[in-house]
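Order of writing sets the chain letters: A, B, C and D. Residues in each chain are counted from 1.
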Amino acid sequence: MELKISDRQSYREYVNELKNGDLKLFYYDMLRIRLVEEKIAEIYPEQEMRCPVHLSVGQEAPAVGVCKALGKDDFALSTHRSHAHYLAKGGNLKAMLSELYGRETGCCGGKGGSMHLNDPSIGFYAVPIVGSTIPIGVGIALGFKIQNKSEVSVAFFGDAATEEGVLSESLNYAALCKLPVIFICENNLYSVYSPLSVRQPAERNLIDIAKAHGVEAFKCDGNDVVAVYNATTKAVEKARIGGGPTLLELSTYRYYEHCGTNFDNQLGYRSEEEFNLWKAKDPLKMLALKLVEDDNFKLEIEQMTKVINLEITDAFAFAKSAPYPDEASLFTHLYAK
Amino acid sequence: MELKISDRQSYREYVNELKNGDLKLFYYDMLRIRLVEEKIAEIYPEQEMRCPVHLSVGQEAPAVGVCKALGKDDFALSTHRSHAHYLAKGGNLKAMLSELYGRETGCCGGKGGSMHLNDPSIGFYAVPIVGSTIPIGVGIALGFKIQNKSEVSVAFFGDAATEEGVLSESLNYAALCKLPVIFICENNLYSVYSPLSVRQPAERNLIDIAKAHGVEAFKCDGNDVVAVYNATTKAVEKARIGGGPTLLELSTYRYYEHCGTNFDNQLGYRSEEEFNLWKAKDPLKMLALKLVEDDNFKLEIEQMTKVINLEITDAFAFAKSAPYPDEASLFTHLYAK
Amino acid sequence: MERIITYAKALSEAIDMCMAKDDKVYIMGLGVPDPSGFFGTTIGLQEKYGKMRAMDMPTSENGMTGVAIGSALTGMRPIMAHHRMEFALLATEQIINQAANWHYMFGGKSSMPLVIRMFIGRGWGQGPQHSQSLQAMFAHIPGLKVIMPATPYDAKGLMVSAIEDNNPVIFLEHRWLHTITGKVPEAIYRIPIGKANIARSGSDVTIVAFSYMVIEALFAANILMKLGIDAEVIDMRSIRPLDADAVLESVKKTGHLVVADQAWKTGGIAGEIIAIACEEAFGFLKAKPVRLTLPDFPSPSTPGLTRYYHPRAINIINSVLKMLGKNEKTEEELDIVQKSPLDIPNKEFKGPF
Amino acid sequence: MERIITYAKALSEAIDMCMAKDDKVYIMGLGVPDPSGFFGTTIGLQEKYGKMRAMDMPTSENGMTGVAIGSALTGMRPIMAHHRMEFALLATEQIINQAANWHYMFGGKSSMPLVIRMFIGRGWGQGPQHSQSLQAMFAHIPGLKVIMPATPYDAKGLMVSAIEDNNPVIFLEHRWLHTITGKVPEAIYRIPIGKANIARSGSDVTIVAFSYMVIEALFAANILMKLGIDAEVIDMRSIRPLDADAVLESVKKTGHLVVADQAWKTGGIAGEIIAIACEEAFGFLKAKPVRLTLPDFPSPSTPGLTRYYHPRAINIINSVLKMLGKNEKTEEELDIVQKSPLDIPNKEFKGPF
């Protein structure tokens, strides 16, 4: 069978016709994120992307599952580890890679680098101060509420961010004003090299913390993109009709080192065994299992991969050939008009 | 009957001999705090105590109940509303009043004013930034733990302080390291003029928040000094043997305005009815009820009052006649040697 | 239009008018709907605009600053108010890392209309954690604007400009100013942020001040006039952007510079102004420039010490006299001994703040 | 004793020696026991001193600073470390309101031995929230000490002094310094906090610098020497207390002042030093003083812009040339074009930080 999928858009159109089309799109988006990240990892050593990068490989399901439940005008706020969220929310790949390359075509015009991906037109901002986008996400929800809009806001954050007091402040205020905000904690067990055990008491329970603040909360398998999507969809529906905030804790795992593009299990801060356990339930693998009934799916994956790789090659070429911002732009955008 | 109680010390000796001696001392200490505060309220309009004051009248039971469960080397940290805590912990009345009068004999040499009462020799510090002494209290407990001491640390704070994220950070760390710290929340329903309802969602529950962080927690009637004492004693015993932190939420009520020495119910931010409800269960009244079986107790109260008033008169005279610090002392104590 | 109102009323009018005109403007802060209403500047707003546009908030300064920032990203124009600058220190991360940077670091794609009011200044024994004046901290940060109006007229016009500005503005109000009165037009008007005002023109010496120190500087200038010295008083109004041209022009004319700032000396804005003058008007200065600031010590509580802590008109006068080679004077000699205590803004004040 | 070690090793040695000597000393910070060990400065400490004295911590900068402060009240001597100054902004309230004030405001009754290490500086596209240099903010606060060592020798001696000091000390480490090498005695030694070092004596011009800019200043001085100009380089080492005497003595000798600070201009410490020179050495300056700083814009990420953002030796050289009335030069003319990219500390560095 020959699929007519020459670009992302037509692949979308194509699968929309099929049974399981949604799931295939989930797969497509996760695969695209993974291939982008792996390409970055591959050529980062060229030293042309001269900024810190935090890869999301292993954590594609939270990004895609959550963002698929959102509309374009909903907002998502993210962290240092934002490539997946940015792409899943609909961010422009060329603008992202250009930003990693520090070029004027980057989504910050080169001023931000990998840790400051953003695109207001699709409701997306990321900054690398742990926890700091959580209240900003709540504030966006407040803005929607005051203006009687039906949009919602999502704050992505990691397990370390739950140690910042600002989470508690954010939960309290979101519950107090019943704001349309969804707190997404991607618990990947680590903060840099530090496991949960040196940062949080064993008795601690994020779900209970949220509930004690008056925020509904659920745990969810963060490697199961469909489960993430369903849980988020419910939270979004509730939020849109004034039902207030929800917190979701998604279990997940990162494959690469915290910052940079190497594998670092050899350092010993986490075990090979643990790593393999998580790889066994890889989010792409898990979703593929759901789709195997469809005979063509293996073939489709190959096709998707080709299409995506073309897009990636193209985007890297675009980024690499774009110019650096000129000296004058150092002095622009200090103040908004 | 003529009691031989000419000063606080001999009163202590006297009641120690009696049945119910402890309770009488509780009463004595609460009464002393109340009389001191009322005297301040009475003569603050003279405009000689030229600093903001936050009176504790109505909230004597938490101060006395908690501090009676502590030893001299245990630490207590307090807030803007610290007169009661300071006195209950064993602070020197003359040094306190001198500080309110800004004199060189003050516990800060005049540099701090009412909001910075302190006496390291009895383990006491207060500062008026809401929430900020909570982690400091935890840090003292950490210091004790590292040094293998058996002392404990207590952090007093109000209901508004539970809205500061630093509480959550403090609970987490105290539980993580099983530190000997006791969190005392005096919930008097208000932050300045703001009731709980505009600051915290109805579903919010401090006890559950603490527990979800891995910290044991209990509610307790903050107008019942004996209940406070018992709850604290249990928490202290647990902490001393390495059992970790406890949080106690004590229900209580302040009678005077937030800052200053007037009654302000007429402003309408709280109802006369609510106020009277709380006055009906006044902590001194409640304890007196427990002691009425003792025939002499009414008489004893009169005697106590006399003794305390003598002490107060004396202390005010001392403070008022003490000199202001000299100009040179403005330039001392910038750095410790 | 010779209407005389207080600084507090001028502010309240500016906020009210902006809220009436633009339903995106809202105000939040601990105690916004209080009977005391931020020294009278927020009274009645909640009744008029409802709880979502004039709101009390939890004691969560850091989180709530993030909330204000987030709301600004949806087009709202938040005003956040703090009774004391010290409380806002909990929000330093949001203010400095986030609010100040977003427009620039995202390549101009987002804007951040946000006014943060902080009360500063001295009085009634508030002491080391309730009377610090940390304006230099914020004035050091690119992307912020920092306003310190001294008069009711400026308070209104600069508050309107601040609210209408698409950038984060730190609006600092010295608590001794709220009760002062001055002419204020009823209509809405704007004063450009970043433009100094020649509060008094003169030819012998330039006295630069902002916020409450402008009051002391003008008083000093009047006394100096009696002593035959014609002082120019420059009210900076904003300290970021800083109107260097106004300072330089004056210094080039007078050749003498005194800067008065009720903040610590080392690393303060007074030093910045002196540095600018020395860099840009080198050769015009006829005597070494002088700054009058707080000494580099924490803010004490007792009136026994605050009387020596805060620079006043007499210190400005004597700095000028000395700079011009004249003999210094005492307050007694000048007959300007203040009758009410030095730790309150006016005779009517009965404490506490 | 001609032992040559890195700045990182010098720091690690200082910390280790102090921990060995005094069991009250402990260190905490996110990642203290990490394999990377704070650029190698904390490696092995946990193995040697255990988890309670070399501890990782939750990502709770504000609370944990309070914890450190509390522990100091029981006699402990905490060292807290932050990989980036920006993270410590969450703790501004504890640092400025609490740590800095306690000794003074409690009338000298408590002391607060506390070292807070913060990494600052540039490189490898870290951008607006990971490479700010906010030293001026802390240097403005009475009660704090702020140290910015430039050499391995100073790093060790000042770290020992900081740990033994009974006051809160902000210890700032520019991340381009950790790999530089220099002579460091093996034994423990102290360098007094608040004393500048004449890193190079000269007679024609005074170049004042601290932290990484000392490296650039010394390089510039060498080139200037070849051009026949004899520059004195003063390494401030501490910026609070600030050794004004060292600056003044030098300026009185040379009559020319250039201050180089890798921080923003407005309200920065470079301006403070110029203000002091103008106030106290007025009449000695033969040309207008100059400061070389970052422009007043946020810190961009791309190497396309950072190359124009950070002042370097060439800028110092040209400032001096201009000040002395000579023609400015290009890096090409001086044959000092840097071969490795400008956004990394050395050729070996392969990114990221």
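Everything that follows uses one rule, which is that contacts are C-beta pairs under 8 Å (C-beta built on N, C-alpha and C of every residue); 3 or more make two chains touch, one makes a residue touch a chain.
Small disclaimer: the values here were computed from a predicted structure and weren't measured.
> What is the chain whose Cα centroid lies farthest from the Cα centroid of chain C?
Relative to chain C, the chain with the farthest C-alpha centre is A.
> Per the centroid of Cα atoms for each chain, what is the distance between chain C and chain D, given in Å?
31
> Quick one: report the Å distance separating chain B from chain C, using the average Cα coordinate of each chain.
Chain centres of chain B and chain C, defined by C-alpha means, are spaced 37 Å apart.
> Rounded to a whole Å, what is the gap between the Cα centroids of chain A and chain C?
About 43 Å, centre to centre.
> Quick one: which residues in chain B touch 2 or more of the other chains?
Answer for chain B, listing residues that touch two or more other chains: 106, 108, 110-112, 116, 127, 129, 163-166, 169, 172, 176, 198-200, 334.
> Please list all residues of chain D that touch 2 or more other chains.
57-58, 60, 62-63, 86, 90, 93, 97, 104-105, 127-129, 142-143, 296-298, 300, in rising order.
> Examine which chains touch each other and state the graph shape they make (line, ring, star, complete, other).
Contact map by chain: complete.
> Contact residues on chain A for chain B in the complex?
163-169, 172, 175-176, 198-206, 208-209, 211-214
> Residue numbers of chain C touching chain A in their complex, please.
Of all residues in chain C, those touching chain A are 24, 26, 52-53, 57-58, 60, 62-76, 93-94, 97-98, 102-112, 142-143, 145, 166-167.
> Spell out the part of chain B that touches chain C in their complex, as residue ranges.
Residue positions touching the partner: 45, 47, 50-53, 102-104, 106, 108, 110-116, 127-131, 160-161, 163-165, 191-194, 198-200, 259-260, 267-269, 323-325, 327, 329-331, 334.
> In the complex of these two chains, what residues of chain C are touching chain B?
30-31, 34-36, 56-63, 86-87, 90, 124-130, 295-298, 300-305, 308-309, 341, 343, 350-353
> For chain A, which residues count as touching chain C in their complex?
75, 77, 106-112, 116, 118-120, 125, 127, 129, 132-147, 149, 153, 165-166, 169-170, 172-173, 176, 332-337
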